[in-house]
Structures are given as C-alpha cells and as structure tokens.
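Below you'll find a set of structures to go through.
Each of the two complexes below includes chain A, the first together with chain B, the second together with chain C.
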Partner chain A sequence: MSRLRARGRRRASRIHPALYLFPLPALVLYVVFFAVPTLQAVQYSVTDWDGFSPDFANVGIANFRDALTDDDLFRNAATNNLKFMLVVVVLQTAFALLLALLLARNSRGGILLRALFFFPTILSSVSVAFIWKFVYDPNFGLGNRFLGAVGLDGLQSSYLGDDAAAIYWVALSQVWFHVGQMMVLFIAGLQAVPRELYEASAIDGAGRWAQFRHITWPMIAPATTIVVAYTTIQSFRAFDLILGLGGNPPRPSLDILSTRIYATFVNSEYGYAAAESLLFMLLIAAITVAQRQLLGLTRGSV
Partner chain B sequence: MSDRHTPLTRRRLMQLAGTVGAGWAVASCAGPGSSGGGADEARDEPIPTGPVEGEVSFAHWRAEDQAAFDQLIAAFRQETGVTVRQDISPSNDYQSTALQRVRGGGVGDVLTAFRGAQFNDMVSAGVYSDLTDQDVVGQYDSQLIEVGRQDGTQWGLPYQVVFNMPVANLDLLERAGATGAPQDWQGFLALCEDLQALGVVPIAWPAAAPGDAGQLLNAMVMNNAPADDMFVQVESGDLKVTDEWFLTTLRQYEQLRPFFQPRATGTAVEPAQQLFASGQAAMLATGSYHIAPVRALGAQFPMDLVAPITVPADQAKYEGIYNATFILGVNTASDVRPAGLAWVEFLSRPENASAYANATAQHVTVSGATYENQDLERTSPWLTRDTLLAPRFQFDDLDVRAAVENAAVAVVGGTSPEQAAEEAQRVVDQAQ
Partner chain C sequence: MRYQLGRRAVLAVWAALIVVPLTVVVFGTFKTTAELFESPFSPPGSLTLGNYRAVLDGALGTAFVNSVLVTLASVALTLLLASLAAYACARIPGWVGWVVFGFLVLGMSVPAQANMVPQYVLFDSLGLLDSRLGLVLINVVVTLPVAVFILGGFMRTLPRDLYEASAIDGAGPWRTYRSIVMPLAMPSVAATAIFLFVIHWNELLYPLLFISSPEKRTIPLALLSFQGEYLTDYPLLFSGVVVASAPIVLVYVLLQRHFVAGMTAGAVKG
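Right, the complex of A and B next:
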C-alpha cells in the first residue's frame, strides 16, 4: 500500500504545478455563470421578491406548490413544451438520419446538398423566425398562397393563429432550423462504420434493411444518443424562435417553459420565476435520464 | 507526520479551488434586493443644480422617432454642448427589460416608461427623480400628465398623446355611404356590412401581435363596463370577466368575426398594416401610433379615428380612447442629472415638442404645441372629445392583462364567449 502511495506521489510530483492552473479559467466561468446563479435561484425561489425592491418575504415552498398545482399558465407551457419536444425529437432525428443515409457518400452532389441542408443552422433564430413568419402569414404567406395555387384551398390554415396546431407549426420551423446540424452528426457516425461489416454481411446475403438494422443502427447508437439528447435540450431552449414567431409574450398556444419563465420575470415575480426555473431544470434532467434508460442508447448497450 | 515539502497535487488544487469557489459562491448569494445600484439612496435627493455637462443616455423604445430626436439632439448640443445618445430597444424588449437596465444608471440618464405596470414598477424601484417643483412641469397640460403623478408627486412627464382605437380610411368609408362615425353598435355593424359589400375587409386586426391585438379591447369595453376603472376592479376581484358586461363584449367580438380579415388570429402587425395601407381594408384596429408607419407604406388616403360604440347612442359615455404615455423622467442613479433635466426641459418647449409631433405624426402633452402635419390636424379634435384613458394599461399584472385580452382573440378564433371568459377568469383568480 505504502509503496503504491509513494509511487503515486512521485508521479504527481513529476507534473509541473503550473499545469494545474489551466482548468482555472473554465472553473471560474463555470462557477460565475452556472454555480452561483443556480444557488441564487434556489435562494430566490423561496421568496416573493419582485426583482427590484429591497423588501421580500420568505414564502417557503409556496412558489413550487403554486406552480405545480395552481397555475394554468405554467401547466399549459409545460404541456406545450412536451408536445413540442416530442414532435421535434422524433421528426428531427428521423429526417436527420434519412438525410445522412442519403448523403453520407462524399460525392460532389452529396457535399453540395449537405451544405444546403446545413445552411439554416448558421442563421440566427430571429432570422429563422422572420422567414417562417412570412411562410405562415395567413393572408400574404407562402404557405397559403402555395396551397391556393395548387387548388388546395381547403387546407389553408391560420397556422400560428390556430390554437390547437400552433405549437406544431413552430416545431416544424425548429426541425427545418436544426435538421442539418443533426445530419452532420449522423454522417460523422456513419462514416466511422467499417466498410468490412457491410461487405461481410452482403456475402452472408443480408439485404439493405437487415444491414441497417443489424449494423448501421447499433454502430451509430453513440451519434443517436447525442442527437436525441441535444435535440431534447434544444427543444426546451427554443425561446428566441418562439418570441420571434409569436411575439412577446407569446399567446398561450405558443407558450413554452422558457418563455413562461421569462414572462413571469417580466411580470415582476422574480422569486416565482426562480421556482419555475428550478422545476424546469428538474424536468429536463428527468427527461434526459428517462430517455437514456428507455432508449437504451448508452455506450454499454452498443 | 506530514511531508516537509508538500507537493501541489491535482487533488489539493481542486480542493483549494473548490473551497474558494464555494465560499465565494455562498458570499455571492446575498439576499434578494441587495444589489440596488444606488437608485434607492438617491431617490429622495432633489436633482442637483450643477453645471449642464456630460453625455446623456436617453432610453426609449420609439425607433421610428430616432431621426426626429436626432434633429432635436443636434439643436440641444449646439445650445448646451451636451451630447445625447439614444439607447433604443424594441417596445416589447423595453417593456421587459428596461427597469433592470436603467436601475444602475449606466444607460437611461433620461428614461421613458409605458403607462401602467412599467411606470408603477419604476417609481417603486426609485428610478424616477421627483420633478414636482421643477419649472418644466408648467410646460404641460396638467390633465394630460396626471398619469405621471403618484400621491401628489410628479415623477414623470407623459410626452405623447395616442388614440388607441381603430384608424379608418375615409375614402372607403365615404364610398360605403358613411356620413360620419357610427353612433351605436347597430350602426357600426351596418357600416362593416356596407364596407364588406364594397369588396374590402372592414377591419384589419393583427390578432397575432401581442400588444397591438389588445388595443381594440379599450374601445370595446369603454361603454360596456360598469366602471371606468374596470380592469383595476378585475384585478382586485370586485369585477369578474365572467360578468355580463364582459360576456357582452366578447359576444360583440363574435359578431365582428366575419368583418375581420380571414384567419385574423394568425395575422401579425405588418400584414395588417399592409392590408390597410393598400386599401384592401377600411379600418386598422390598433391606434393613431400606426398612422405614420402606414403613410410610410405609401397610403395616400385621408385617415381619421373611429371607435366602435358598443351600446345604444343615448347610453354611450365615451366617444373614444386616448393614452398619455412615453413618460419622460430623470434617472435617480444618473451621474449627469442636471444635463438630463436640461434635455427634458428642451423637449418640453412648445417649439421643440411641435417639431417632434409633426415629424412623428403624434400629438404631445406640451401646452402650446402646434400641429402642421395633416394627419395630426385631422385627428386633433379628438384631444377635446369625451375619451377614456386607455383601460388596458390599468392592469398591473401582465399575465392577467394577456389572459383578458387573449379571451377576445380566442372568441374570434372560434371559442365560445363563456368558455373564453371562464379560462381568463381562472388566470385572474390564480394571480390573486
């Protein structure tokens, strides 16, 4: 034991002490921009602080209780967000995978199309919101004009003005916005799959579907894990896209948790907004853990 | 026994960083409200009578007025040597973040606020300097600046007078046979039918634009409500939006449904302006603040204001709606308060207020301002008519305001008035 410890000490002392200073900038940034705000959010969440007054009262768990049991707006935002997340995760992952499968080869056409599909990712959310605002406008928008031109007037919609469907229209914009980014992750995963596996399976008589099911899908599981987890978190952060499309504050049919928290903060309910933020964090954490468990997309399962 | 030369291991460094970080993090978590930015200390101190010098930051939300202010700023600089820098945010962002931004005094030596919740919060936060004893107050029409006063103290000076009711294309109204503004609800519906018969949209309503969509509610409730402070009472629980007066209002929105542009609930403000400016719609249900943008889109027709009178003519108490807003003030946290006050005084001179009004097509609260702009001249009679101070700004709780306004949008979208009212009332109840 003591020999082991002595060897460890010797190994540690061989590293120049100055090297230990290297993580410091990252650590400082993490503490300043994550640890402290999170601790403060916990502190504020049990108060009725309005965000500017010197006075406040401790209200215990009342903010959490109200948000969970007596707040239609928060519940509506959470429901919208789950619908939004579900549609975005399924469609974005499926389309990204499909595009990646079609464009994985490094042909000239493939590279050009990849660049084209990736293009929306480099736009700002506000620009994307403006583009889709023009598509979704019921009177002058591209969507209804196209439907009118091809004789499908019956399918014309008020899009973001349709309370039942508005959140799904925003989800489509989000998919268009980020599908190229996810496609690139899948392409990287696909290009890492050894060719020999396909050649061997072809000799064994495997069809394309069998190859996808037994080789491609398991081999790109790490990429899928990243895509699904990132898309999930991204769908909870669609704040600027929603505000750009739905205005500030958005109507209840477009309200998601991040916009609800912002609206609460603007409404001079800082303590309550902090409680909502913590519930938001817990929800994302729970969904991410559940996703990993349910989909079995961990490294161990590959 | 410890080593004489303790090496700096990774574990030790992490322990040290963790201890320091945790200590600092806990120390950073000072109690809420403890980072006031100095505004509270300066709150009761009058504006000092020091030299007019320095650079003044002027925070507001009127990007469309930037050029008009630039001209006034140039004249002010020539007179005093003081530079004024405009710090402009979009109106929604200004509503959301201005208080936090101006509290420290880094921006907004001279600031503005929307009437209602934002002004009230800014006064509570001690941002506005007391102007009660300043000579500049005498430059204003005292009735129009009442909203800048609280408990006898004049904190701010509302600079603009806006009429938050539909703007009408008089050419189209004339073609529809209208000889004047309808005097009752049946007359208003008949006018809408006549306009529809002309093949135009009677009312362009940007129901998908928060803020703009709610303006129509002002006129819809002004004669229906049992009290002028109806929305104060809704917030306090003395009135409910499930009461008959508000249900009547929602049923009237239902009657207007065929007269809005198709699928109105999805229309943003720009397309609604375009419909109106191009002559495809006869009325734009927002307010006089959209006259200048509509002119910028190329509208040549004469415009006036038309409020829907929702009751029989003999029961109508009000003809329309006005709002005194853009509440000017001097920031208590500012380092250049004398220069800030000088800028407010400069804006408050009749000749400068007139220049601003005519350049931006907005009426002002400054006494003796003269209007040469054709649209201002035509709408000037509204300054002396029986108008109600826009009730939608009575709300202190923005969630409650949005819920009540969204009830009207939901009805036009197909929800029954009763259901829309109940859903809104639940939000009101939960906010109490």
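Right, the complex of A and C next:
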C-alpha cells in the first residue's frame, strides 16, 4: 500500500512536459511585441531616422546630447514634470493618509465614504479632464463661482490660462483623481496595526499625537513607501489628463515628458523620440531608486 | 469632541469636492449651455435627452461599440494568457519557473513611451495599425506583466499537495488548470479582471497612436476629439463623460468591494 503511494507520489511530483507549453503564448507575444521593441528603442535612439526614409545615419550619442543640452522644449517638459511630480506626491500622500486615518475604522458611514472617495479613480482621465475643465473655466467655472460666493473674489484666477500656475492646477486635479486609491492602500496598512499597541500606550498616558508619532507612523512605513512609489509613477503617466486639459499637443506650460515624447514622435522624429524615451525611463528608474534609499524600503513591502 | 468635529468637517469637505462636480456634470447633461452657465447647481428643468442623442448619434455611438468589443476581447485574452503563464511558473520547479516569471513581470517597470516607437513600426509592418485587432493585441501585451504578477502571487499560495492529488487522479496539466486551479483562483481572477477592465476601457495612448479612421475610435479617443470640435459646449462634453463612464460605474456599484481589491492588488504584494 505504502509502496504504491510512494510510487504515485514520485510520479505526481514529476512535471508533465506539457506544462512547459503553458507560458509560451504569453512569452511569444511578450518577446515579439514588447521585449524586442524595448531593445529596438535603444537601436533607434542613436540614429536620425524619420520613420520613412530607407536610409538613415548613425548619429551616436548626438540625440541624447541634444535633449540634455540644446532642446528647450525637452528641458521645459522635464521641469514641468518634476514640479508636477513633487506637488502630486506630497499632496496626494498627505491627503490620502489624512483620509485613511479618519476612515480606518469600519463604520457603515465610513465604508460608504471610502467608496465615494475611491470613485474618481475608475473614471477615464479624459472624463476627469472635462470635469476639471469646467471647474477651471475662468468665466463660468465652479472654482471662481465658489470663490465669488464666499466673498473671496480676490483669489479668483484664470487657472489653466495662467502659464506660471497651470501645471499646479493640473496637479490638483490629479490628486482629486487618485487620492482615493492611495487612501485605500493606507487603510489596509492601518488595519494591520495591532490594537493592543494603542491600548498599551493609552495606559501609559500617550495622547493622540504621541500614538501617531510612535506607533502609527512607524507601522505604516511600508504602506507609505508603496503609496509614494505608486504616486510617482502615476505622475509620469498623467499623459491623458494633460492632453485633456492642455490640448493635443499641450501648450508649453502644460507639456510634460510623456506628452513631449509623443509630440516628437508624431513629428516623425523617430530616432530622437526614442532617445528621449530612454532618458525618460532612466529618470523614472533613478527617482525610484532614490526614493527607496530615502524611505528605507522595508523588506518585503513591495 | 473637538477631534470629532474636525473629523466630520474634513470628511464633509472632501465628500463635497467629489459630489458637487459630479452632480453638476450629470445635471448639466440635461441643460443647454446657457442654462448650465446660468445656474450650474440647480436641478435640470426637464429631462430632455437631446444631448445624449447628439453624442450617441455622433462619434460616441460607434466608439461605444468599439470600446465594448476591444475591452472584452482584451480582458479575456490577457486573463487567459496570464493565468496560463502564472500557473505554469508557480508549478515548474527550480529556477526555470522563477526566471520566466521574473522576465514577464519585468515589463511592469517599462513606461509605455519607452517602446512605443518600435511598437508602432512593428504594428505598421504587420498591417495591424488602424484595426481593432491591433488594439486588442497591444492591450494584451502591455497588461500581461501586471496580470502575471497579480495572478502569480495567488498561484504560489496553492499547496503542492493539490497538484500531486490531481496528478494521482490522472489529470494532465490542462485538466488541472481548468478544473482545479482556475476555480480556486476565482477571487484573484475576478480582481484582476476588474483591474484590466478599468485599464482597457480607459486606455487612450494606443488608440491615439494606432487608430486613424473615425469609425474605429474607442471611447476615450472619441471623447478627446470632442475637445477640439465642441470647445465649450459643456453639456455635450458632459453627456460624453456620462456615456463613457456608465458601464464602469454600473459595475462599480454592483461589485464595489472587488473593485477596490482589483485596483490595489497590483500595488500590494500577494
């Protein structure tokens, strides 16, 4: 009996060869349409190919040098992108944490509010852009109307029409768009904190702030790391929102890296667009690594 | 007491920030531009469907059908390929499974702009530009990494004994996948499906790159092209927003819990 079972077990733990075929469809598509094109981008980036001409020249690192030193449009987009990222990361993380702290306990009203705050995340970015276009409309928009109603006429603004501030207004709509998603991540982190810690500290006479400072904050460090990393990546993917609010192609005051690369590509500068996109990728990678260092990524949190 | 008061105030302000604009949008779809500018907050005087008729008869009607077809095909195909790969990678012993899994998942860290130029050239040479099939294909390829990642996390939690038992009962890998693994993986498959549904339904970049004929546009692309055509006809834009969001909002209201699970599954391990 046991010999039979041992034999069965041996046979069972052998892998059926057909199993090796299972990842093949995914692998083939992924290699042909994703991995190879990613490598080809490197190849394109050192050429001046316009997408049509059969012959094009190898220009070495000229594209990269131009993007970094000569190209005001690219530099403008990078600056805008960094401003946008900083504002979005700081505000979105802060508001998401605040809302999560207020809604971490499971009350019925709280669950309803969580669902409401999460809701904008599922909308398409173009829809969100149209909603905010109306809020920001200088003549008829909800923003100025509200300020007028509460007697703050002095704060009324032309919003996206104000070149210096436009990118920050888009940053606010981005926060509105995704803060609920980040709130949910924080709530998951908060609910994992053992209750006993709070009870014990309350006995020791710790106040609300002391509890937050010494228990909550350290315990949700992994969630914070995830939220900051996720929010950063999202701020580089704001492409749709920018096109919706800033036009296609967007005005220079609203141009970010993703829209700049797209515009270069549409302009048939294939080689140059590829070089820009590699710089884009390097920048994201560098920021991600820097964040991991700064936030002291806790092992196993991502 | 002061804390409770502050808490309520913050939550009320935030709720208003979401409810007020959305209400204005929905009310606005029943108004004329003049009415909307006159009194954006007031309920509509009549429930005329003129704006909806205008957007549905125009670009958005066709786009809606295209979006449904492309989204359903993309979600189904991504789930099939990703679940097969994730299952096999969890099951194949030693380094092979891990290497294949790691290689597939690596794509998550590549931003769309990084490879779009060669992808465009490749799709062009294969005659897949300006076709719904091409959109499905690029959707699948781009979301495979994250789908494999989420499903792989679940597949690794299935106990080895399960596979052994099914092998002893004479089930091959396909049978095991179909009758044992997939039914057990249903919660994580459902979460992934919703996650993919939101991404594919809202996808803008690839339609923008690949589609040139107006009759092949998907909803986000048709919506974006509104912006140029009806510069400040907000009632029409708002009707577009409502039509574009209707299917996703409907599913959200029905499956709220799964939505949250789906949209955060990619961010948290396992």
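Everything that follows uses one rule, which is that the second predicted complex is superposed on the first by the 265 of 302 C-alpha atoms of A that agree within 3 Å, B and C clash if a C-alpha of one lies under 4 Å from a C-alpha of the other, contacts with A are read in each partner's own complex, and residues count from 1 in each chain.
Note that a contact is a pair of C-beta atoms (placed from the backbone, for glycine too) under 8 Å apart; a residue touches a chain by one contact, two chains touch by 3 or more.
Source: prediction; values computed, not measured.
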Touched partner set for A:Leu142, first chain B, second chain C, both or neither: second
Comparison of chain B and chain C by chain A residues contacted: C
Partner chain(s) touched by A:Ile284 [first = chain B, second = chain C, both, neither]: second
Touching partner for A:Tyr262 - first (chain B), second (chain C), both, neither: both
Touching partner for A:Pro218 - first (chain B), second (chain C), both, neither: neither
Touching partner for A:Gly207 - first (chain B), second (chain C), both, neither: neither
Partner chain in contact with A:Pro194 - chain B first, chain C second, else both or neither: neither
Contacts of A:Gly161 with chain B and chain C, given as first, second, both or neither: first
Chain B versus chain C as contact partner of A:Gln40, first or second or both or neither: both
Contacts of A:Pro252 with chain B and chain C, given as first, second, both or neither: first
Footprint overlap on chain A, where chain B in one structure and chain C in the other make contact: 9, 12-13, 15, 20, 23, 27, 35-36, 40, 44, 51, 133, 137, 139-140, 247-248, 262, 270
Chain A contact footprint on chain B (complex, rising order): 7-10, 13, 17, 21, 24-26, 28-29, 31-34, 36, 40, 92-93, 95-97, 99-100, 103, 117, 121, 124-125, 207-211, 261-268, 271, 274-275, 397-399, 402-403, 406, 409-410, 413, 415, 423, 426-427, 430
Residues on chain A engaged by chain B in the complex (per definition of touch): 9, 12-13, 15, 17, 20, 23-24, 27-28, 31, 35-36, 39-40, 43-44, 47, 49-56, 66, 70-73, 133, 136-140, 156-163, 246-252, 262-264, 266-268, 270-271
Touch list for chain A against partner chain C, complex: 8-9, 11-13, 15-16, 18-20, 22-23, 25-27, 29-30, 32-38, 40-41, 44, 51, 98-99, 102-103, 113-127, 130-135, 137, 139-140, 142, 145, 176, 181, 184-185, 188, 208, 226, 230, 236-237, 239-240, 243-244, 247-248, 257-258, 261-262, 265, 270, 273-274, 277-278, 280-281, 284-285, 300-302
Contact set on chain C toward chain A in their complex: 3, 7, 10-11, 14-15, 17-22, 24-25, 28, 36-37, 40, 81-82, 84-85, 87-89, 91-93, 100, 103-104, 107, 109-122, 137-138, 140-142, 144-145, 148, 160, 163-165, 167-168, 172-174, 177, 198, 201-202, 204-205, 208, 219-220, 223-224, 227-228, 232, 234, 237-238, 240-241, 244-245, 248-249, 252, 256, 259-260, 263-264, 267-269
